[in-house]
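The two complexes that follow have subunit A in common; it is paired with subunit B in the first and with subunit C in the second.
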Partner chain A sequence: METRSLLDEALGLQHLTGRVLLLEDCVETSAAFVLHHLLKRSLSQPLHSSNVVVFVAFAQPFSHYDRILRKLGCNLAAHRNDNKFVFFDMLRDFCPDGDNGKGNDGGLVSLYGKILKTISALPQENKNCVTVMIDDVSLMEVSAKGSTNLVLDFLHYCHTLISEFGCSLVMLNHEDIYSGMGRPTLILQMEYLADILIKAEPLATGLASDVHGQLTVVNRSIDDGERSRNKLCNFHFKVKENNVEYFYPGSRT
Partner chain B sequence: MAATKTRTSSFSRSFSGASSPQIPGLKHGPNGTMFVSSGIPDLDKILGGGFALGSLVMVMEDAEAPHHMLLLRNFMSQGLVHNQPLLYASPAKDPRQFLGTLPSPAVPKDEKSSHRDPDQEKGLRIAWQYKKYFGENQQGFDSQNGKHEFSNNFDLRKPLERQFLTGKRIDCASILDSPNLVTLYDRCATFLSQFPRSDSNISCVGRIAIQSFCAPQCGYSSLEWDMLSFLRSLKSMLRSSNAVAVVTFPPSLLSSSSSTRWQHMADTLLSVKAIPDEDKELATLLTGYQDMVGLLNVQKIAQINTQVPVILDATTFSIKLQKRRFLVLECLNQAPIDGSSGSSYGTSGSCSGSSKTGYLDF
Partner chain C sequence: MAMEWICRALRDGALEGEHAPALTIKDFMASPLGFDVFTHFLSHHSTNISAGKSQSRGLVLVAFSRSPSFYLDLLSKRGLPIASSHHWIRILDCYTDPLGWKDQMGQCGSATKLSYDIASICGNVKDVDSLFSLIISLGRGFVVQGKVRFCVAIDSVNEMLRYASLSSVAGLISSLRCCDQISSIFWFCHADLCEERATSTLEYMSSMVASIEPLIQFANGQISNSENLSLLDQNFTRGKLHLRCKRRNGRVRVMFEEIHLGQSGINVTSTSFEGVINQGLVPKVQFSLQLSEKELKDRANVVLPFEHQGNGKPVQIYDGRKSLTDSKYEVAPIPNGISDIDKESGKGEIIYFRDSEDEMPDSDEDPDDDLDI
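And then the complex of A and B:
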């Protein structure tokens, strides 16, 4: 009944399990809407009612996501009460010195501990349907005081969750931060880890109110036997309050 | 785009009447946000209402001209006129001196406003006798009754009267003599703790203005990550309080990657640029070039509680001083040229009624 959007087709998401998704955006075009879409997807699929989302928010408070997802038709507060949505508000804890009792790790070690505890405490049928979402990794770097290694360690630990429990990992990062660097270890390693890479960019032609930008999806995880090459899709999008329109360039009249 | 613009403005007008008796200088916006005025009526209009409450506004300075001070001054004055507490931090030795340079709201006398207002309507000039028949001007007349309108016009040549400064809660901090950001963080935290966000009633709104945050004289250049985490925590504190912060910074002093990080941190991102005095090429391109003081670029508009980005018809505006007193922002009026550069595409798109046919071009 519901037609699948171009994004869903490009993702080929019958099952997210065991996948790493990386969203990249820039100052001009935010990819947060893709994150909201994935969040809604994993929470409101009737077939996968055992899905659980662990959301690590460095960027926005809960009320922000709650309002947006409500407009998308998904009640986060209700899901949170059902323990299907676990929200870690990383906005709050801040120490200007960086070393009062936290061992200068920006709280990442304890954060991982909390995520692991949350997942282990889940009942067995939920355990392998967990999605860990991080919004966004560049702010995680800020709370780690610029220590790329700490962030990478954290991401690798999260990656082990995938093999251990069959979780999936969705991360958002801002690509333009790293574009001026010589060898941006963090973003390169993240891209290496990622099975699916989704890039949001502005149009090359500049501003448009009908087209908010373009998405490039590189899907490396298609493994239907002999075919294992990358699938690359590119399409335009227009973000609305309750959905997002995806269309191929020039296909709208 | 024009449609949404008119929608928001009509929206706000009907609301401002309802909300102003409760607390002046606040306006309901979409998605449960509230707006405070930036102190520049044109900028409020461009941003769809003003600065959203709980947002971090960042202004990228031009190294060659102090245009960011114009924005800061109007922002601060507007807050004082609305009796909102203010925290001002700057790298100056005595930040309090800056308060003496704040502009005063334009005198809302009858003859003055009738002289002023027709100029404000860009296209249309109306003889003053007929002004009262136009709805637009009702707001202008409201200003006579008091300071309860949302945004004032500020007379840059007249300093703010003492009555606005004395007895107000103005907190000044110098970021010159502290070795790290802890003191500034504490000042902001104690200031913001006065305005906790509760669900329904807003009793008071605070404004924070931080000028030239990463200026070299503060000696923070080695504290790149500390500055970032300060901004991050400032943003998170703002989100949970009824306040707006404007932070200006010279991006040229930052490395390109951390400058981008700062830009990502901002909810609303503006940049100001000076225009060279005798740029013959620009002078022929733009109409009204000689009146311009500088250019304002709107890079990002706060998306609070929404995922829909605000796309403006034009992102570059000229900063002009009207009668050498009032700050106005205008769309650039460009002579038609071959649209090779990206910026000309954006700015000349102000007549975007044509954008309907635009995508046939792909």
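And then the complex of A and C:
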């Protein structure tokens, strides 16, 4: 329990209302476990029982997330039936027949329309407890035929949901696929958009059996009450079968 | 000093027959305080406008990156009279529905919650000409009678550049600067999101460039270096504001000061003046290019030839002819041609002597007659 809370402490908030959270990872170290952690946290916290997650999946089918979250003690299928978990399977909905139905915008305009419609249809007390999660933005760019501008337009419209409804936005992207590119890169634009940035990287000293990588959390929260603390933290992690251990460097022998 | 200087320049506005003063605020990922600096100037200038202390009578805010309600909340928190805001602010909402997606879906944005007197939605930001017309028509809303000027603030040039080409954005800004109803204009951009030519273009069109730079520079610029975390942490709350302003006569003035992000926004923590910068710019050479303090003092005491006129002595203006009274006032020349200096008073004096009597005074002939004009 103590180790799990290290990430939550770094995030420095009880819930993510009105924030944009960006997860950055690389080939050597995946940040998918952080996404799963946030997904579970959004759905399981009893204090926020009115939470709703809108999950936009470009990377994996529903069954993948369902299996992982089940191991973490969260039943996605049940939440889906309760309309607390809305899953947009972009692999199935938009990709089976090539470009059919996508148009020039890669289907992103209609996807935004669906998200907006979903949130608008929620009861008033749930509207400001919605978390929109995107896994992952690099595949969204592929779906938009490589148009960075279109992806940024979509993200901008998702950002308007924050001011309109008080939602939060969580998105995952891979940092290393933009290395060596001339500026401006999509990843930098996303970093500017984010209030909280979580980077998953391998250890600088190389591979270790007890440490799977390090997380760096940059919290640029605009909440004045939290401005002075948890601004920037770094800790190590070890991904286990049913949970993840977080610990400060040097605290394990 | 630099922050105050900018505030004064925005407050004083444009001179008759001159372009409006323009300010570029730019930052980088390593020192992301630019938006806070932008809101500092926005709220400071708004205070001046609402109090009637500025040349501009109103502010048109072109909001690309935040919603109009965000800005009204911010100004309200900084103590501005939001109840009377329709008298001095208009917001062109390019944030809520910049491409008309919501309009297509029949959804209305959050701006509709605000009074139409204050905010109006722009549904197609790609059309730069209509953007210009909207800004001007919103500004004309302040005109009660006669010639009234207004200020324009753009919160993200990066977003504009995403929707329109550099030439059309530059054209819009240039047109705004030329417009004689505009008192001043300022905008914000993330420099590392722009191509270098875009940043240069914006800076060429600015009379002031405020660049927010990190206090602590790292060679690789990576935040992953955990050894430097505490130092990097400081760059999120502290930075160096580097101001470069161009005067009308072409002189460039450079100032910088350290800024700190506190609970109530940007504060200045230390000030350094232009002189310090200039000293740093002098190249290190073996001989002295600078005057010492004593030399500066002595130089200030020198009475220049035109300065001792009118003190009872006959006025002497060298007109090219030998004056009849020359002999009377001529002091016997010393061999090296330097006159006596009144050492007691500590004042210097410059007296001109011809090299010799052989040197003929200038004649009436035109000295430029050999020129083929």
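Just so we're on the same page, the second predicted complex is superposed on the first by the 228 of 253 C-alpha atoms of A that agree within 3 Å, B and C clash if a C-alpha of one lies under 4 Å from a C-alpha of the other, contacts with A are read in each partner's own complex, and residues count from 1 in each chain.
Here is the rule we use: a contact is a pair of C-beta atoms (placed from the backbone, for glycine too) under 8 Å apart; a residue touches a chain by one contact, two chains touch by 3 or more.
In this text, all values refer to a predicted model and were calculated from it rather than measured experimentally.
Participant: For the overlay on subunit A, clash or fit between subunit B and subunit C?
Facilitator: Subunit B and subunit C fit side by side in the superposed model.
Participant: Between the C-alpha centres of subunit B and subunit C, what angle is found at the C-alpha centre of subunit A, to the nearest 10 degrees?
Facilitator: The C-alpha centres give an angle of about 120 degrees at subunit A.
Participant: Of subunit B and subunit C, which one touches more of subunit A's residues?
Facilitator: Residues of subunit A touched, subunit B against subunit C: more for B.
Participant: Could you tell me if A:Y112 is touching subunit B, subunit C, both of them or neither one (first, second, both, neither)?
Facilitator: It touches subunit C, and subunit B stays clear.
Participant: For A:P249, is the partner it touches subunit B (first), subunit C (second), both, or none of the two (neither)?
Facilitator: So A:P249 meets both subunit B and subunit C here.
Participant: When the two structures are overlaid on chain A, which partner does A:V218 contact: first (subunit B), second (subunit C), both, or neither?
Facilitator: The answer is second: A:V218 touches subunit C but not subunit B.
Participant: Mind working out whether A:Y192 is in touch with subunit B, subunit C, both or neither, as first, second, both or neither?
Facilitator: In the superposition, A:Y192 contacts subunit C only.
Participant: Measuring by CA atoms in the overlay, how small does the subunit B-subunit C distance get, in Å?
Facilitator: 13
Participant: Taking the stated contact definition, name every residue in subunit A that is touched by subunit B in one complex and by subunit C in the other, in rising order.
Facilitator: On subunit A, the overlap between the subunit B and subunit C contacts is residues 249.
Participant: In the complex, go through subunit A and note every residue touching subunit B.
Facilitator: 27-30, 32-33, 36, 58, 60-61, 63-64, 67-68, 71, 91-92, 94, 96-98, 138-139, 142-143, 145-146, 174, 176-178, 180-181, 205-212, 239-241, 249-250, 252-253
Participant: Name, in rising order, each residue of subunit B that touches subunit A in their complex.
Facilitator: Answer in residue numbers: 1, 31-32, 180-182, 185, 224-226, 228-230, 232-233, 235-236, 239-240, 255-257, 260-261, 263-264, 269, 299-300, 303-309, 311-313, 315, 342-343, 345-346, 349, 352, 355, 358-360, 362.
Participant: Can you list the subunit A residues touching subunit C in their complex?
Facilitator: 109, 112-113, 116, 120, 149, 152-153, 156-157, 160, 163-164, 183-184, 188-189, 191-192, 199, 201, 204, 214, 216, 218, 220, 224, 227, 231-234, 249
Participant: Per the contact definition, I'd like the list of subunit C residues that touch subunit A in the complex.
Facilitator: 29, 32, 66-67, 69-70, 95-99, 101-102, 104-105, 107, 109-110, 158-159, 162, 190, 192-195, 223-226, 229, 232-233, 236-237, 261, 263
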